[in-house]
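Have a look at the structure below before the remarks.
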Amino acid sequence: MSHLLEVRDLEVKFALRFGDITAIDGASFKLDRGEKLGLVGESGAGKSVTGFSIINLISKPGYISKGKVLFEGKEISSYSDEQMRKIRGNSISMIFQDPMMTLNPVFTIGFQMVETIQAHRNISKAGAEKIALEKLKKVHIPSPEQRLSQYPHELSGGMRQRIIIAVSLLTDPAIIIADEPTTALDVTIQAEIMDLLQELCASDNMALILITHDLGVVSQVTEKIAVMYAGKIIEYGPTDQVVTYPVHPYTEGLIKSIPGNVVNPGEDLVQIPGMMPTLTNIPPGCAFNPRCYLRQAVCTKTTPELKDVGNSVMAACHMRYKGDGRTNQ
Amino acid sequence: MTKLQKFKESYFLYSFKRDKVAIGSFLILVTLLMLAITAPWIAPMNPYDAENIDIMNSEIPPMWSEGGESVYPLGTDNMGRDMFSTMLYGLRTSMIIAGGAVLLQATLGILVGLTAGYFGGRTDAFLMRMADIQFSFPYLMVAIFIGAIFQVVFGIGSYERLAVPLLIVIIGLAEWPMYARTIRASVIGEVNKEYVEAARVIGLSRPTIMIRHVLPNSLTSVMVISTIQVANAVMSEAALSYLGLGMPVTTPSLGSLIRSGFEFIFSGSWWITVFPGIWLILFVLVINLLGDWLRDVLNPKLYKG
Amino acid sequence: MFAFIIRRILQAILVMLVISLVGFSIKNSIGDPVRDLVGERVTPKERAAMAEKLGLNDPFSTQYVRFLKNALHGDLGTSFIYRKPALEVILKHAPATIELVLGSALIIVIFSLPLGMYTALKPRSLFSRFVMGFSTLGVSVPVFLTAIGFIYLFAVTWHVLPSYGRGETVDLFGNGYWQTGFLTIDGLKHLILPCISLASIMMPLFIRLIRSEMMEVLETEYIKYARAKGLSPMRIWFVHAFKNTLLPVVTVFGIQIGIMFAFTILTETVFQWQGMGFMFLDAVQRADISLLIAYLVVVGSVFVIVNTVVDVMYGFINPTVRVAGTK
C-alpha cells in the first residue's frame, strides 16, 4: 500500500564556487493521510531544506542530487516545474516562517487569496472570494469580509500567520508543510497558532509536517518525529516513544534542555556542549561525535547508519546499537 | 604575518586574479596614468608652447590616411598641434583636475559626514538637510552653475588662467554631498556598535574614537564611491570644458579638445574629435569597470538615494 | 496621509527659500540691475540716482524680502540680453526643452523596462550580458560625445537626419507660446537625434536600476511564497515582482527627470536646440546675471515640485506609506 508521502534517501546539494556541499544526506520518512510529523533540529540542520525539497522549491544553488519524493505513489521529484506547479499550493501547501515577509506588501489579502484559488481552479472572482471568506472564518479571523480589502501591513503578525494558514487551506490540500510557523511570533500567539493547526488537521483530515527547533511544541502536536543533525536524520519514530526514551545522545540532550521538562525548578538546564558543525566542515564519522559524551574510537571513523533500535524507533548511533540492533531499554 | 603577505593571501587579490576584465582595466588604467605623468618627456612636442605650433600644419589627417604625415601619427588639430601630444597633455590635465576635485570632495564630505554622524541631533539635521538640498540637484548642473558664476566674477581672461584650480573647486563643491551622505550612513551604523561603546567606556576622546575607530570602518564605502566619483569628475570636467566653462583651447583638456574639434567635423576633419573622444571614453570606462568589480568584491551597504 | 503631504510641502517651501537666498546673494554681490534696465551708457550720477530709486542701497534683508515678493508675483528681474522680463524669456524657451525631455523620457521608459526586466530574469543569457556590457559602456560615454557621434554618422556621413535646430514647428495653442515639433514630420525628424542622445545617458542607469531592484525582489520571501502557492512564472514576474520593482523605480525616475534638465544644457549646445539650456549658456557667455538667477530659481522650483509630486505619488501607490503617514 502506498503512503500519502514518502521521502526516500533524499540528498540535496548546494553548488558553490569551490564545489558542492551536501545539505541533506540521505533523509527518508513517510507520512500517511491525517498524520502529523515533526522535523526537529537546530538551525542549519537541514530541516527547512527538507521541507522545501518536497515541493522541489529549494533556493538556488541547491538541487536534489539523489533520492525520490513520492506523493500518492507518484514520483513528484522528477516532475517538471510546470507539473509541479499543479501540486504546489494545491495538494501540498506551505506555511512560511515569518508572516511579516511572506505576503506581498503591495497587494490586498483578497487579491492574494483569490489568485491562489484561480491558479488551481477554474472559478470566478466572486466564487473565489466566497471560498476565501469561508477559510478566513475557519481560522477564526474576526470580521473576515473587511480583511479581504486590507493590506498585509495593516495586520498584526499573529493575524497574518492566520491569513497565511487560511491561504494554505484554500485548495483543501492533503499536506501542509509548516516551516517554523510560530518562531517569529509572540509566545502567547504561538500556542494559539499551534492549536489552530491541530484543530484544522483533525477536522479536514490533513497531514502536517511541522518543521521546528522546538521539541516541546513537536511533542505536544505530532504523532511522529524525525530529529535532524548536520543534514542527516539521526532519530526517527513515534513521538511519545522518542520523547520519553530518546536513543541518540543528541535527542537526549535536546529533551533535557527543554525548560521544566526534566530538570526541577532551581536546577541548571542541561546544555549540549559545543556547536553543530557547519556543512562545510562536518567531522569524519558520526557528525555529533565531538559533542557526544558516549564517544568511542569507532564514532570518529565510521558514520553510523539509521537502524531499527526497537519500539518502531530508528536511530543512528554506534553506541546504542546492541547485538541484533536493539537497545538495552 | 606582514602586511604584504596578508595582502597576497587576501580574498581581494584572489578575486582580482580571477577577473580578466578587472585585470585588463587595471593594466589600461595604469598605462594611462603613466602616460599622463610622463607626458612632458614622451610627447613628441609640447602643445602648450606656442613656438612649436605652426598654423600651416593644421588639420593634417592621421598618418594612415591620404595626406597624413608620419611626424604626426594621429594628425594635427585646427591649430597645427600634434594630436598625439595634445591628447597626452589633455589626459594629464583631466587627471589632475579629477584627482584634485575628488580629494577636495572627499575631505569636505568626510568632515561633514563624520561630524553629522557622530554628533547627531541638530548638527546632523542641519548638515544633512544642506547636503540633501544640494543633492536634490544634479551635480552636473550645480557644477555648471558654479562655473558660470565664477566665470562672471573672474572675467573670462582670469578664469582661463586659473582654470585648473577653479575647476577643482567647482567639481569639489558640486559633489561633496555624495561623500557626506555615504560616510554619515556608515558612521551611524558603526557608532551604535559595541566596540565604539567599549572605546567610550575606556575613556577615549570623541575625535580619537572617530578617527581611529569609526573612520577605518567606513573606508570600504569610501573606496567604492571614490571610483564612481573619479569617473564623474572626469565627465564633469569634460562637460564643463565642452561648454566653454573649463580649460581654454590653448591648454586643452580632453573636453575642450573635443569642443574645438566639433566645428571641424562637418568639414571632414573627424580625427580632432574622435581621438580625444575615444581617449576619454577609454579612461572613464576602465574606471567604471574597476568600480563595478570593487563594488562586487567589497559589497558594502551603500547609501541608497 | 494628509499630514505627510503637508510636511512634504513645508519641506519644499524651505528648500525654495534656501535656493532663493542663494540666488539673491549671488545677484546682490555680482549683478548690476542698473545695467540690466538702462544699459551701460549712463553717467555715474544717473546710475547713483537709479540705484537709489531701485532701493539698491537698502539693507540686505529688505532687498531680499523685496526680491521674494517680486518673485512671487512672477517678477524675476530683467534680462540684459533680451531686454525683457527674465521669466518671460525662460518660459519662451521652455517648450523646446520640455519636448526634448519628454521625448527622451518616452524612449527611456519604452526600452529600459523590458531590458531591465529581461536582464534580471535571465541574467546568464547572452543577450543580458550584451545589454549589461553595453550599459557599462553607455555610462562611460559623455552625452556630448554620443551627440557628436550621431551627428557625424546620421547627418554628416549618411545625410538621413538633420544635425541642428528644431525644424518646422507648429503653434500649439495658437497664442504663439508653445511651438511644438511633435506634430510635423520635419519636427519629429529633428527630435530624433537629440532625444536619443539625451536618453542614452539615463538609459543604462535605468536598465541597471530596474535589473537590481527586480533581482532583489525576486529573492524575497513573498516571491518564494508565491511560487509555493503554485502561481505561474509569468504571474510571479509580471504581477508580483513587477509592482514591487516599479515602486522605487518611479521615485528615481522623478528625480532623474530633474537630472535630465542638467544634461539638456549639453545636448542643446551640441544640437543648437533653442531651449532653456541653450539660453542659459548664452546668458553665461554674456554675463546676464538676472537671467542666470531667474534660471536657477525656475529650474530649482521645477526640481522641488517634481520631487514633491513624486514623493506624494509614491505615497499613494505604496500602501505601506499610505497608512503609516510618514516615511
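Note that the chains are named A, B and C in the order they appear, and that numbering of residues resets to 1 at the start of each chain.
Methods note: contacts are C-beta pairs under 8 Å (C-beta built on N, C-alpha and C of every residue); 3 or more make two chains touch, one makes a residue touch a chain.
Every value quoted in this text rests on a predicted model; they were computed, and no experiment measured them.
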Touch-connected components when chain A is not counted: one piece
Most distant chain from chain C by Cα centroid: A
Top chain pair, ranked by number of contacting C-beta pairs: B-C
Whole-Å gap between the CA centroids of chain A and chain C: 54
Whole-Å separation of chain centres (CA-atom averages), chain B against chain C: 24
Intercentroid distance (Cα basis), chain B paired with chain A, Å: 55
Multi-partner residues of chain B (each touching 2 or more other chains): none
Chain C residues within the chain A interface of the complex: 220-233, 235, 239-240, 243-244, 247, 318-320, 323-324
Residue numbers on chain A that touch chain C, as the complex places them: 55, 57, 59, 81, 85-90, 93-94, 96, 98, 101-107, 115-116, 119-120, 151, 153-154, 167
Sites on chain B touched by chain C in the complex: 133, 136-138, 140-141, 144-145, 148-149, 151-153, 231, 235, 238-239, 242-245, 255, 258, 262, 265-266, 268, 270, 273, 277, 280-281, 284-285, 288-289, 292, 305
Complex contact set, residues of chain C against chain B: 15, 18-19, 26, 30, 136-137, 139-145, 148-149, 151-152, 156, 163, 252, 255, 258-259, 261-263, 265-266, 269-270, 280-281, 283-285, 287, 289, 292, 296, 299-300, 303-304, 307
